[in-house]
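Below: the structure, in structure tokens.
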């Protein structure tokens, strides 16, 4: 039984899911939802980082891209406007 | 002996977690209302997250192949599961409160809404 | 509906293209061998057989970040620092509200109590990540970023006035941040200055003694591995990063009084 | 002795400058004068260091290498200074000193100058780090230090909507450009498994057969370099961003920051992917493309200058034009070799020096007149030359230098350029140089005329005033004259920097790196 | 077959990263809203970092011994075999260090851009870049 | 007084630090001590109101009993119940928001009850009213909308134990 | 012991759950639904991180689960705050 295939399959699934999240973040007009989609993308990227054996990057990347940036963008949205215009 | 017991208990908890996550995933997609989904989500966060993480800690205590850092893993697993245990209900509560307060989601199949009767949509059924 | 279709098309394109590429032998399968430079790093990060050519830190990423390529990291923190300074410059002259926090402000009391309990635990965990940076994954920035959960959650759950009321003001955070960064800078030139005083050759960012320069930071204190400057860098970076995040969140999230223009 | 001093200063001066930047907000809140004093200290330290370093390099005749942490170079980071980046560093050190001194006068236009000085010191760190570093990834970090301080400074007058808009445009596309440079670094590390510039030059020779990765890397990295240098398709941000910055910062951006782009282009295309290297045949194509772009931006800048009424905007377009000229001279390597190439590179270096000093002077002098007139419109400045005569003199001299009049350094640089193009057998380009000079002379006549030679009708007669800034400006413009005389008497002054980009110079660059690597020893040395 | 599947999966990962790169560049240049541009800038930076890490990965030495993070677990050690085993399995640490730096730098630029967006809205009352260009004239 | 309040917080931080590090070497003890002192000083006025409670062994005994019972009995019962509802084809739900009163004094006891309610599937605290001492609970299967009956179904055991532990 | 094989058998189940959660996180009509999905997704991934840590026999990989749990809680909180107040700081 080859165990590495399982891990690579997890990686492939994660990267496909990140494509889905990025596409939806691109076309979504409600910016709050777009921010949440980008958070989903960063969660999947952190899984990829993990599978590529870089725990240090996960520790930096998750707070930054999954926590701080959505927070800052939400602050910006709450101060300005929520919907993208046509 | 005790080490094997620990490992088997831990693995059992991990398997339980997998099962619970599946159930929770199905529930989250089958229920048609935000508040009902919250109940399904609880399964995913308690049996699906707290228990298997604690189980992983037990495995780490008993599984000697992990090397010198296995106590680190066990400790970190227990701390993580404790934090999830405390934080996840608070998060769900905050979300539920926000959803109810701002009328994001109505209480759709509803018997009674003591907080705000106008948000109760009767009937519906399953 | 349109989105679902285009998503399906996108995913199919990815799968099909990669099938084509893989069938045509154009694979991106990584090699089993490492580059020369990587092997050097892996071999010298903790190597008692090369006593004057090692960092004495088992964590080679932290070793690269703070010792082999310490200069990069010093300026990387400088970039973050300058970004926050630029933000402060953009926020100057803006009147911010300062009220007494009440029970009404913020979220529900349950969330408040939970936040109160978990705050010290999160800080302890973050400190553990930061201070074990030379042994396990983690380090100053990682620990600081984890610790930044605490001020964010406190601002959101209570209010930014609550932090001010408890004495966490933006001025103090700026002071703490500057102090941490000055600590980083001084650590980086500490052995150079010592070398100047003692008349021994030494380099900026030197950590463990090299063949030509015998000065070395203490890397082993009573059996506890400190890896020389790495520990100090991690400590100061932890302070600087956590206070920097706090500062950024305070100035962004504090509600403003009416604008003039 | 000198070399040892230079060696130690080279290692320590940037961390110390960074510490000054960290300490500025701490002390600046307590005392009002402290920020300026700290910035001045940093600038003086930088100026002295750059002088010592250049002296050591010029006297020793071989590059100076500082390995950080005592690690042999491809393992650790090194600073490597040859005559080329040495002379640019020298220029940067002294011009930034003048700018910092001038900032004291400008302080009255600003509230809370503490942030301004912190960012200015950050700019200093970024500039010198970009110039001196010998590591491609460190260059990325330093470009970011430079960029983030530049963005912050452009948006400093945040009460003006235009300033904020210009900064947002500058910062957004700049972030994309630097990300692309990171991609180039990924390509470089993936293919050559090293990040050290000298090592890349050495290793790249083994890859001459497969030039594609090198082409990818160069084309990705050229985006950010041409963006920083504001070369034609990437020039759009400059006419908005430079005028909106505080005046001393406009001087630093127009005079110094654009140099970084040209420097990095030269470093990449001559030293790293230079002679018989990985880039192979594509090198000529890339250089030709750069030549055409430089040509286009020189012409565009010159013609756009004609229609400007805003003095700072006029100066900004002049920057585009002159950087285009310098890039034209610098990218002649595809057609010329030997003497003509040395001539062209000398012209590039001389032109960068002349342009930096005179553009900094011009922006600073324009700051004086803007302060007097209360507006940036040229018409509002009529007759102000009588009020600030020394500034008017400095301004006129600098304009004459830019236009290429005879005893100035600008004349000799254009002459060298002309000769180089003729020697390379490209008289078209020589014609372009003349055309650009002629057109931009028309553009320069307007400010010279309206400030220095015309009256404002019905204005009350005010007696001429002289402040310390005026003296500074006159001194700076006088240095142009002195440099011109030196260059006229001994044309070899700038040939040493140019020689370090020729094949022999690159060999020296690599040899210095190899010697350091060997001397530091270790099992992998 | 197993080898082919592994190659296929790596190709999927690689290509989806490319798709993400393309999507984020498209969003950066064709979506008019400032916040959307910032989100896409974040995705762009993350994807480039992902490329670097992808480059530093090494395949498993054998199907049952995974490659490992570049962190030595057993120290101090008696004989060099630990080190040999470590070097034969650990992934490349240098891209990780570079990405660490790049992530922090990207965050710093983003923090500044967010401050800037706040000020932009104060001046123009909108964050739509087309609108802002029109208002500026 | 501040120092007295700091001690329990410091203890919490210290225990967390040591457990998370998973070792009791000298390095961990020393750094853990320093960290816990700093954290204690920071959170002294935030976290704890009456420090003496933490040091009584009786409360710890009750907490242990509470945890064992909660994790083994209550959770299992509710999980199986909700899982059945999810998996059964007709999804029998009968949801609504009911009033559940509580009768404890301190914030901690209240939070413990609320978290216990939310952590058992089938019940989620939507809103809490500290003045009238009631929770508004979303219940997946409303047995009764009468407050006292609802309390019997949802939170009586939790309140019994929480009172012993925290009040 | 058969730990590695056992985990290799369990991980696909977790992946299926991931897909289910992802569907909800992407679809969820209201914003609380989205956030609930992200929440569950990240708890799922936290477990996956830890379980795979045992699978790789690399105990230090477990640290990565902590920031996931913590920052996702923060995401909950500030989306809730955004919905309730519109002003983050008050």
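Letters A, B, C, D, E, F and G mark the chains as written, and numbering starts fresh at 1 in each.
Assume a contact is a pair of C-beta atoms (placed from the backbone, for glycine too) under 8 Å apart; a residue touches a chain by one contact, two chains touch by 3 or more.
Predicted model only: the values in this text are computed from it and were never measured.
Asks: Trace the shortest sequence of touching chains from chain C to chain F and report its length in steps.
Replies: 1
Asks: Between chain A and chain D, how many steps is the shortest route if every step has to go to a touching chain?
Replies: Counted as steps through touching chains, the separation is 2.
Asks: Check D-E against B-C and say which one is joined by more contacting C-beta pairs.
Replies: When the contacts at D-E and B-C are counted, D-E has more.
Asks: For chain C and chain G, let me know how many angstrom lie between their CA-based centres, rounded off.
Replies: Centre separation, chain C to chain G: 23 Å.
Asks: Would you mind pulling out the distance in Å between where the CA atoms of chain C average out and where those of chain D do?
Replies: 32
Asks: If you average the Cα atoms of chain D and of chain F to get two centres, how far apart are those centres in Å?
Replies: 63
Asks: Where the CA atoms of chain C average out and where those of chain E average out, how many Å apart are those spots?
Replies: 17
Asks: What are the residues of chain B that contact at least two other chains?
Replies: 24, 26, 38, 67, 69, 72-73, 76, 79, 83, 86-88, 90, 92-94, 96-97, 101
Asks: By residue number and range, which residues of chain G touch two or more other chains?
Replies: Residues 19, 31, 35, 57, 59-61, 63-64, 66-67, 70-74, 77-81, 84, 87-88 of chain G touch two or more partner chains.
Asks: Mind pulling the chain A residues that touch 2 or more other chains?
Replies: Residues 1, 3, 7, 16, 19-20, 23-24, 54-56, 58-60, 63-64, 67-68, 71-72, 75, 77 of chain A touch two or more partner chains.
Asks: Hey, which chains are touching each other here?
Replies: A-C, A-E, A-G, B-C, B-E, B-F, B-G, C-D, C-E, C-F, C-G, D-E, E-G
Asks: So in the complex, the part of chain B that touches chain F is made up of which residues?
Replies: Chain B residues touching chain F: 20, 23-24, 26-27, 30-31, 33, 35-36, 38-40, 42-43, 46-47, 69, 71-76, 78-79, 85-86, 88-90, 92-93, 96-97, 100-101, 107, 109-115, 120, 126.
Asks: Touching residues of chain G toward chain A in the complex: what are they?
Replies: Touching chain A from chain G are residues 4-5, 8, 11-12, 15, 18-19, 22, 25-26, 31, 34-35, 38, 41-42, 45, 48-49, 52, 55, 60-61, 63-64, 67-68, 70-72, 74-75, 78-79, 82, 86-88.
Asks: In their shared complex, at which residues does chain E touch chain A?
Replies: Residues 2, 5-6, 9-10, 12-13, 16-17, 19-20, 23-24, 26-27, 31-33, 35-36, 38-40, 42-43, 46, 49-50, 53-54, 56-57, 59-60, 63-64, 66-71, 91, 96, 99-100, 103-104, 106-107, 110-111, 114, 117-118, 121, 126-128, 131.
Asks: Give the list of chain B residues in touch with chain G in this complex.
Replies: 4, 7, 11, 14-15, 17-19, 21-22, 24-26, 28-29, 34, 37-38, 41, 44-45, 48-49, 52-53, 56, 59-60, 63, 65-67, 69-70, 72-73, 76-77, 79-80, 83-84, 87-88, 90-92, 94-99, 101-102, 104-105
Asks: What does chain B use to touch chain E in their complex?
Replies: So the residues of chain B touching chain E come out as 67-69.
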